[in-house]
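Per-chain residue numbering starts at 1, and chain names A, B and C are given in the order in which the chains are listed.
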Amino acid sequence: MNSAINSVRHSRQAWRIGLQLLLVAVIGGLIYGAFVNAADNLERAHIASGFHFWNNSAGFDISQTLIPYSASTSTFGRAFWVGLLNTLLASALGVVLATLLGFTIGIARLSRNWLVARLAGGYVELVRNIPLLLQLLFWYNAVLKSLPELHDSIALPIGGFLNNRGLFLPRPVFASGIAAVGAALLVGIVAAIVLHVWARRRRERTGAPTAVGWWMAALIVGLPLATFALAGFPVAFELPQMSRFNVIGGLEILPEFAALVVALSVYTAAFIAEVVRAGILAVPPGQSEAAQALGLRSGTTLRLIVVPQAMRVIVPPLTSQYLNLIKNSSLAVAIGYPDLVQIFAGSVLNITGQAVEVIAITMAVYLTISLVTSLLMNLYGRMTAVAER
Amino acid sequence: MAAMADTPVLYVRTAPAEKLPPPVASTGFVGWLRASLFSSAGNTILTLACAALILWVAPPLLRFLVIDAVWSGPNREVCLASAARPEPGACWAFVRVWLSYFIYGFYPIAARWRVDLFFAALAFGIGWLGWLSAPRRDVGALYFFAVLPVLSFVLLYGFPAIGLPTVATNLWGGVLVTIVVATVGIVASLPIGILLALGRRSELPAVRWFAIGFIEFVRGVPLITVLFMASVMLPLFVPQQLEPDKLLRALIGVALFASAYMAEVVRGGLAAVPRGQYEAARALALTYWRMMGLVILPQALRATLPNIVNTFIGLFKDTTLVFVVGIFDFLRTIEAARGDPKWATPVTATTGYAFAALFYFVCCYGMSRYARSVEARLSRSDRR
Amino acid sequence: MKRIATALSLALLLAFSAQAARAQTLQTVKQRGQLICGANGTLAGFGLPDPQGNWTGFDVDFCRAIAAAIFNDPTKVKFVPLTAANRFTALQSGEIDVLARNTTWTMSRDTTLGVDFAAVTFFDGQGFIVHKSLKVSSALELNGASVCVQQGTTTELNLADYFRSHHMTLKTVTFATADEAVKAYDSGRCDSYTTDSSGLHGERLRLTNPDDNIVLPEIISKEPLSPSVRQGDDSWEDLVRWVHEAMLDAEEFGVTKSNVDEQLKSANPEIRRLLGAEGQFGQSLGLTNDWAYRIIKHIGNYGESFDRNVGEGSPLKIARGLNALWTKGGLQYGLPVR
């Protein structure tokens, strides 16, 4: 009897191992086959391979560069970093704006004001059901292109221009004393945190609330401002100038960039709004009723009871929305914003012809961003998990 | 005490008083208005701001789309600003002229009945499967997942042996391509996604790690790069005798991409099946595949139908990205047509986008309403 | 192992894929009964389909000439519209048999991309188109201007070189397709749009108000446009090259679409060899000996194709210039059929 069970167990064991070996063999075979074919095809076609192109001179210009870059001296590798930074800049700005808009709309959907709730609901339905690419093209081709042409530019009162080539603003040029202001800001933030911790400890020890909010604000805002004044206002503004062809100087915001950020924010905000709504609805009403019964004020209830519990529900899907936004920023290729995909999987791929290497690098970048975010997400989830008894 | 007794009782009510109607301001329409729009000063301001927003947006939109719109005409002249119409509205005449291109692309005019037939066959299949109380939905599933793909291929691509000449895929375009890409994506991704989801929950480490690796890899990269990979790298990875068609390469990319997302949807459904179901199936000595096929998956898939529809909506919107590999889907045909110098006006782009937005909104909103109604129905039957 | 792997991937894709042996392109084309030609698709004068899907253009006629030589039927071509970005991949992967998409013959493309260029069918150069309202008459006045350009082209690189070598600054605005770049220029996003001068003439016609734009006189680069084929099939490359040479020779000898039947009786031995009345030249290409006759009969000679599509007989009105025959001061020099 025992041996019969054992033999069944053994045969099951063998079957399992066999199945896994088969899977490994099939996948390995496919990968190996793809590799052999690729090598074969590349060699037959005399296509160069390897990553030597990384250090070759790029030779093409890029319309928006956050780090110094020139067509003549910079390499493909440099172009990669320019593209990556442009992607990160657009994504970061998109994340901030989408969060602000998304939380506003999500809360508005739960408003007791019928019109506000309906309007927010209409926004969500409209935006969610239209492809992002269409929205992007709409913002770029229908809205921004209808701005006035260069010579009919709208002159802004603060010394800038708005036309169909972008928004041109005065650019702050910092003098030497600015380092002290930065240091003061840092000191202010650290001091505010220390103050906050001290106040909490005190409250936990004595039960008496200590209002330190204003002091913290004063430290963070006041200290740098005071230093700024003491250093003799070490900032000048470079005003954009109208020249024959273009607006020169100043801070230039490309229409491609603006369209991308607006489209990403508007689109993602609709999804964030749904996440926020679900999160708030997930907090049982008994929680806030209990808080009110304890005599907490409504602001305090929101801050200490509802938001922490809602956030636990909101944060995981919110992160995946952020990741979606970052991945969706690759749509920049449709309107000519020089992001990673446009520069690297576009220009560099076409000039070098090394599709395998270029696409692999591009994918690796997005994958890294995703994995790092997921990792941080899991850490956060572990930190905020309810201690189950 | 005595004093009280002395006081004569002047009036004792013997019947309850008539109920007064509630104050006008708290019932009916006015009451509703007060409660939901003007309950406080802040609320009133919000209401007025929203009303102002609606008044600011809606009338010009209506004027542009309907009142000032141009419905027919031979060329762009009719859509330009003129003395009679200083603010030109949407140029629907442009959409009318190009409409057949938006639907069929360059599909030969003589063979377009085949596309129409395909649309009809697809609508029939969707109706059969989507209507939850339709008869013989198992036959419907067979039709949708086995008969329809073959039928569609024969109809669209052609089968010279039975007198349907081949229509190369580079002639396909417009709504046809959008629907083909989205449908193939969902039909192919469902079985692959189920396998991946089962693989991810498998006890065999090699299977599990492969499934996790694939799902996380695909979900971690943008669809555009997957399409690039399918379009640029796939031809290098297969033996040189094979040359997969351009549309086919995009379809492979979309199907792989959708599979990873579908796998996560199915995994959610599997997790929702109570443990007792697994244990009961085991206790009946069902094998793994019989347990999955007969007990677990039917329940899991039923519960995930709304999410499958939502995945489909996402995929339907994502089909617009196939433009990066040079395929002319619906949105791309509009982009191409608006470059037509015969119709170049300041309103052409906006008109084209409005038309596209209408199309996508009607499709996606309809599907999401459907998903919600299924969800409501499922939760009703769960409660029973 | 290699064989197993190949068999596996074969099994995976066989069900879906058409078969094509790359080495014998001509055999494949004959078996298929159709030539597959990669063309532009959005460039008036070179390759552009109308809403009914009928293709016209200079590059299109070249592909039709190949089809005429092989099948005696210029309609046996399937055109695949390609972008600058995916054209070489399409050729490398075997999706198309020949790439005739106003493509510049450069050393790096010739040596690293796995393609071979057959013959220069059009000597082009990069130019600029600007809005007339800017009152610019030379590219050298474009210091500080915004220029729209298509990415991944030699154009993008030449542009940067030209401005650098003349110590001028510029703002490039790069788009994935020429179509987007032109639309952006048309809407005033840029002061100028740059591409091959032939392309500028074609694109100008597609602008909202063609007459408000002028093509500047400067040519800033050499752009010898050439059809290309996959590397490794020399006889197919020969065929493509000789289609072009035959069209040139025909023009030089005065053989045209209308007089080709009379010319068949010509006493001139050069014409007789060209049209197949003498010698076995067609067979050496794997064709029939009247291959060149078929080309001229269906398509016409080089000059006819040029005039009809891009020259005086077309809306583009590009002068022959460098593309005149060598006997008329140009660079087009037909090789002898001998």
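What to note about this one:
Simple rule for what comes next: contacts are C-beta pairs under 8 Å (C-beta built on N, C-alpha and C of every residue); 3 or more make two chains touch, one makes a residue touch a chain.
Quick caveat: nothing in here was measured; it's all calculated off a predicted structure.
Ranked by separation of Cα centres from subunit B, the top chain is C. Should one ask which of B-C and A-B has more C-beta pairs in contact, the pair is A-B.
Centre-to-centre separation of subunit A and subunit C, using mean CA positions: 43 Å. Here the CA centre of subunit B is 42 Å from the CA centre of subunit C. Chain centres here are Cα means. That of subunit A falls 25 Å from that of subunit B.
Residue positions of subunit C with contacts to 2 or more other chains are 6, 9, 22, 89, 92, 176, 183.
Residues of subunit B in contact with at least two other chains: 232, 235-240, 324, 335. For subunit A, the set of residues that touch two or more other chains comprises 33-34, 37, 41-42, 44, 141, 145, 333-334, 349, 355. Residues of subunit A that touch subunit C in their complex: 26, 29-30, 32-34, 36-37, 41-42, 44-48, 59-63, 71-72, 141, 145, 149-150, 164-165, 243-246, 248, 255-256, 333-336, 338, 342, 346-347, 349-351, 353, 355. Those residues of subunit C whose C-beta lies close enough to touch subunit B in the complex are 6, 9-10, 13-14, 16-22, 42, 49, 51-53, 78-83, 86, 89-90, 92-95, 176, 179, 182-183, 186, 205-208, 210. Looking at the complex, you find that subunit A touches subunit B at residues 16, 19-21, 23-24, 27, 33-34, 37-38, 40-42, 44, 111-116, 119, 125-126, 128-134, 137-138, 141-142, 145-146, 327-328, 330-331, 333-334, 341, 345, 349, 355-356, 359, 362-363, 366-367, 369-371, 374. Residues of subunit B that touch subunit C in their complex: 98, 101, 106, 108-109, 168, 170-171, 231-232, 235-246, 248, 324-326, 335-336, 339, 341, 344-345. The touching residues of subunit B, when paired with subunit A in their complex, are 32, 35-37, 39, 43, 46-47, 50-51, 53-54, 203-207, 210, 216-217, 219-225, 228-229, 232-233, 235-240, 313, 317-318, 320-321, 323-324, 331, 335, 346, 349-350, 353, 356-357, 360-361, 364-365, 368.
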